[in-house]
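For reference, the structure is listed below as structure tokens.
The first chain written gets the first letter, and so on, giving A, B, C and D; residue counts start at 1 in each chain.
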Amino acid sequence: MNATAESYVTEDGRTIGAPVMEMKNITLKFGGVTAISNISFDIREGEIRAIIGPNGAGKSSMLNVINGFYHPQEGEIWFHGEKRKPMKPYQIAQQGIARTFQNIALFKGMSTLDNIMTGRFTHMKTNMLMQAIWKGPAEREENLNRDIVEHVIDFLEIQAIRKTPVGRLPYGLQKRVELGRALAAQPKLLLLDEPMAGMNVEEKEDMSRFILDVNDEFGTTIALIEHDMGVVMDISDRVVVLDYGKKIGDGTPDEVRNNQDVIDAYLGVAHD
Amino acid sequence: MFYRESGDFKTTYAKDTQTFPIKLDRMGYYTILAIAFVVIPTMLVMNVGGGANYWTNAILLPFLIWAIASIGLNILVGYCGQLSLGSGGFMAVGAYASYKLMTSFPDLSIFIIVLLSGAITAGVGILFGLPSLRIKGFYLAVATLAAQFFLVWMFNKVQWFYNYSASGQISAPTRSVFGFEVTGATASAEAKYLFCLVLLVGVAWVARNLTRGRIGRSWMAIRDMDIAAEIIGVAPLKTKLSAFGISSFFIGIAGALFFAVYLGAAEVGEAFGIQKSFLLLFMVIIGGLGSIFGSIIGAAFMVLMPVLLKNIMVGQLNWATDIAAHFEFVFVGALIIIFLILEPHGLAQLWRLLKEKLRLWPFPH
Amino acid sequence: MKLTKLATFAVTAVMAASPVLADLVFPALSYRTGPYAANGIPFADGYADYFTLVNERDGGIGGLPAQVLECETGYNTEKGVECYESTKGEGALVYQPLSTGITYQLIPKATADGIPIHSMGYGRTSAANGDVFGNVFNYPANYWNGASIAINHLLEINGGDLSGKSISLVYHNSAYGKEPIRTLEVLSEKHGYDLTLQPVDHPGQEQKSQWLQIRRERPDYVIMWGWGVMNTVAIQEAVNIRFPMENFIGIWWSGSENDVIPAGVGANGYKSLTFHGVGDGYPVYDDIQKYVVDTGKTAGAGDQIGTVIYNRGMYAAMLAVEAVKTAQAIHGVADITPAMMRDGMEALEMSEEKMASLGLPNFGPAFSVSCENHGGPGLGAVAQWDAEAGSWNMISEYGPSDMDVIQALIDDDSAAYAAENNIESQCN
Amino acid sequence: MSANFFYTIEVIANGLMTGVMYSLVALGFVLIFKASGVFNYAQGVMALFAAMTLVGIQSGQVPFAHLINVIFGTHLDKFGWEVPTFIAIILALLVMIGFAFIVERYILKHLVNQDPIILFMATIGLAYFMEGFGDLMWGSEIKKLDVGLPQGGNVWLESATAGWADGFYGFYLDNLDMWATAIAIVLVASLIAFSNYTKTGRALRAVADDNQAALSVGISLRTIWVIVWSLAGFVALVAGIMWGAKSGVQFSLSLIALKALPVLMLGGFTSIPGAIVGGMIIGVGEKLFEFAIGPYIGGATENWFAYVLALLFLVFRPQGLFGEKIIERV
């Protein structure tokens, strides 16, 4: 395990920095059910960090804790070296954490462009009066942000569906638009909840490429949940493995692959 | 091929986001504005056919005022997805605010009074919007009825609101803008019309600006999926309250105009009762949720149709008035159902579909 | 555009409704639908039938046929505006809105257009001051007269002394229902009774709280200012708590057959104020039978003739016809204008002989109108319901109201209106 | 014990029974909402229409008499016979069932899978339609409804309890209200029995739980809709009779729907017991408030207080008393 706080350079030449987010002894309960029990791990700057585990392992709950949708009963969350106070999800978004969802959560009544523009929300500041007048600051700000969004659109190769209502798009493209919306926020930390669920091989390849490119080009730190082991092992720098709300492994893909607990969990050894 | 958008390329973002990106639409828009601002007032001044007063007081004024209110409610229901049945009560706030302002500050311009009335209504709207953080859907709709009934009761009960008059009726004194009277019985048809028209155009313009930018997108995000919206940084309460505020601002303006310019005298239970809340919701849904153009044609439809039906049945066919009135209910009800079946997304969507057809015409393939 | 097409269609539709000019036009803003239809129908029938009678029997008024332009308002103010605007261009002589809300709204409009309004026994009470409200008439009696007449009736029963008695006012929680409060308060100071107020919200379907309270507090008398279903329910609830019906008095809008019949025999003895005769025992009904019913020209189904509200509608029409005759006499032309009509109304004199000659002997109080006084003498009578016979019986003569008290209130309220709207004296 | 104490009890008892009268209207809403997710605004007008039909049949009125007279110049009014109450109720019920078929055939069928708000608006359109149609059919004058239910305060109870305290005149309870309460209890019991012990009832519940699942086991959604709308028509008829006996049958009867809405909010849109309990809470709440606070703030508080009470309740329990818990997921 990489216990050091110093940065290092990966084989393909990317720089991995100090931890941006540290989860310390997180426990989350729903009524009597413990979804996450005493889990600690960190996410380093610039890395692709995967969270894996069988169904019901607490992966999605973990993401929900990170972006403030759930509030853990115990444990601490440190972001950029500061202990985070209990916050509402939108405040956490304003700190620079963006995410996508397992079941697509696009705004169905809006076009692709508008959906991605919504991702710029936290960066836009003109007040209501200026908005009402439009000409002047509001329009300027809109165009500046439009420029950024157009880059995202180019990057994800979805120019052709710019004005299409997202409800009409096929599944794979919707996933891509959702990624675009998260990217538009230029987040410090990007959470991806099963970005490749339900995709065919080609779509998965495309998506993997986008994730790697995002990480490479913008240096975005990414934490993702994924079921497809092949993909996870291919693209992530480090992997944390959960099972029944407990952490059973953490390390590079190779380390995890050889971890006996992980093998047991995936092969379905009975729990006592 | 009458309606074309090809060959109409945009080279800047500003041009791409303009309200009417297609040249033909733009021309239509300017034509309508020209008719509204020049042709109709000229006709009113010349009193073509002797019907200037009828047209203004029975058709144009209610249409313009309802269109303002309808845009207001569409912001809340159509853009932000918060179902409200309190609009009648909010219109009453606008009306009584304008009455108090008119009688307390006789020299204040009616234009300022109307805007201030809107602002006061916005405050009340925000207050009654607070429960929307926890209450959703139909539950919220029913909850907003609390505002409707409470406000009506309050304006009926607290004598200060109607200056302690014996019956509780409020009557609008004569007030003017730039020397032209717009309220009171002696105001000319064209002055009243233009005053409301200017406000409608202003409201539509502001609504369009708000809905195309950051705030509008945050409203729609809350409407489409409130949890996802919150997770990308939209504060739910603030956003919902801003929609309640803006919506009530417009509805308050409409309420003030409804009382001061259109009716001239009002009593809260009758002029701003629960029926008004429903009527407004009709306009918004028939016109098209989430469409400013739809709000306007929805208002036109709901104002014009009963008058038209009545004039045909009583005026043309000489039916007994009560039978005509019963049939009016039957027809209005049936038309609403038929429209919903044909196009649940409202007249605005019907118009869009028509344009798409026209674009391909006469070669649909 | 589609819209303009619709609009032109609407224009032609409106235009085509134009009657032959030279008729005397009487718009009737009626309501045969909506929450108050049950009362609106007989009034509209009575109003229209009388004009039909005059046309059929007398060949019109001064040789010109009367035309009733009926326009359905459904008791709705906006429709009232539409009706007003669509009929006023047709040469409308006088408006009878039959709704307090619409009356308030038409007062400034009709005044600006120079068309008189006759709000008979409703509307804005202070319009009785003709010096301020030049175009509005509310003879022969208004709400404040009504309140005073009710108190006078109670005074009479109690040998002229009401001190220590308690009176409860059950009222429609609207402009209309609030009208009598001030008068009753002033009168309570004068006569020493206690007044409690019981508002009932529109429509008044549910009045349990109010009547439980009345049962607890046992007021000596209950006065009611109700309309529509509120009357029916109130009388039923009064019967239910076994409130003595002879101590229950309604204003004239709370005293129709519709209000008492549903309560059955229990309603026997209920009292109501009135400013005109009840029943169909007047000669004019023979004429109505002969010229209107038998010729199949009734406005409605013809089943309302002789009911209280029908009589009231007919009375309103009769007063309008007499005002036209007066106007024709003053100006010497048959085809009068609204302004002339106004003069006719202001000079209207209703004497016993005149009423008798019209087949309506002693149907209403004798009165005359003047420039200052548009409200008449404020006379009214009390009628009582006989459930066995299913008819109303007059139990008093047309008695006076306390004009000392009322005139002061009228002057105050009209002065305030005059100040708010910069109205100059109309009579000097 | 002071008289005021007994009067408070009296107010509570009357509030409970008024609440049951509200519940009768709310029940119709719940039935339809539970089975089809449609918020049926027309329920109040249905009650009016059902009551009008009942009176019309009972008194032998010619339907559309006024319209026919105007068109053909005839003088139709009544057939001249009177139909016994029981048969008239059956016939009125048949009319309501026929109405349910028409609603399904011409409206609901075409609006499957639309947004709830669209369906809601369609029912408002339906309310307008029925209002005009009912008036055309039976006329808009007020009608007396008499199905033989007793009216007025219960004399026995009143005299038995009079004098329990100084200045206490005995408990006042309306016979009609007591009948309504009894009928409502029977109605609810039979509705619950129907949905638990009959095949159709179980099918209804299946549809309420999961549209798709119900379809996949071969329950026709269209049949279900006809059944629930018929049931709602039946409930509307009962409500129409009860309210119509109080006030006569006239337009304002349709406005009782507005008194049922806070009841629904409080009880939850999907719960039959919720409609009853919600009705009682609203009934007692508004009557007590009017009794205790009303006189100090001018009275006539019942209309808004019912909504405010429901609103306060919802802030703490957004799904209503018995509504299904709203779970939010991402």
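Criterion: contacts are C-beta pairs under 8 Å (C-beta built on N, C-alpha and C of every residue); 3 or more make two chains touch, one makes a residue touch a chain.
All figures in this text were calculated on a predicted structure; none of them were measured in a lab.
S.K.: Look at the interfaces A-B and B-D and say which one is made up of more C-beta pairs in contact.
M.R.: B-D
S.K.: Would you kindly say which chain has the C-alpha centre located farthest from the C-alpha centre of chain B?
M.R.: For chain B, the chain whose C-alpha mean is farthest off is A.
S.K.: What chain sits nearest the middle when you go by CA atom centres?
M.R.: B
S.K.: CA centre of chain A versus CA centre of chain B: separation in Å?
M.R.: Here chain A and chain B have centroids separated by 43 Å.
S.K.: At what distance in angstrom does the C-alpha mean of chain D lie from that of chain B?
M.R.: 33
S.K.: If you average the CA atoms of chain B and of chain C, how many Å lie between those two points?
M.R.: Measuring from centre to centre gives 36 Å for this pair.
S.K.: Among the residues of chain C, pick out those that touch two or more other chains and give their numbers.
M.R.: Residues 32-33, 41, 173, 201 of chain C each touch two or more of the other chains.
S.K.: Show the residues in chain A shared as contacts by 2 or more other chains, in ascending order.
M.R.: In chain A, 69, 101, 105 touch at least two other chains.
S.K.: For chain B, what residues touch not just one other chain but two or more?
M.R.: 153, 156, 227-228, 231, 322, 325-326, 329
S.K.: In the complex, go through chain D and note every residue touching chain C.
M.R.: 7, 10-11, 14, 18, 66, 69, 73, 77, 135, 140-142, 144, 151-153, 169, 172, 174, 243, 246-248, 250-253, 255-256, 259, 286-287, 290-291, 294, 298-300, 302-303
S.K.: Which stretch or stretches of chain A touch chain B in the complex?
M.R.: 67, 69, 88-90, 93-94, 98-99, 101, 105-110, 114, 117-122, 124, 126, 128, 131-134, 138-139, 141-143, 146-147, 181-182, 185
S.K.: Applying the document's contact rule, which stretches of chain B touch chain C when the two form their complex?
M.R.: Residues in contact with chain C: 49-51, 53-54, 57-59, 62, 103, 153, 156, 165-169, 171, 173-174, 184-186, 262-267, 269-271, 273, 300, 304, 307-308, 310-312, 314-316, 321-322, 324-326, 329.
S.K.: In the complex formed with chain A, which residues of chain B make contact?
M.R.: Of all residues in chain B, those touching chain A are 12-14, 17, 206, 209-210, 212-215, 217-218, 220-221, 223-225, 227-236, 242, 246, 290.
S.K.: So in the complex, the part of chain B that touches chain D is made up of which residues?
M.R.: 77, 83, 131, 134-139, 142-143, 145-146, 149-150, 152-153, 156-157, 227-228, 231, 274, 278, 281-282, 285-286, 289, 319-320, 322-323, 325-337, 340-341, 344
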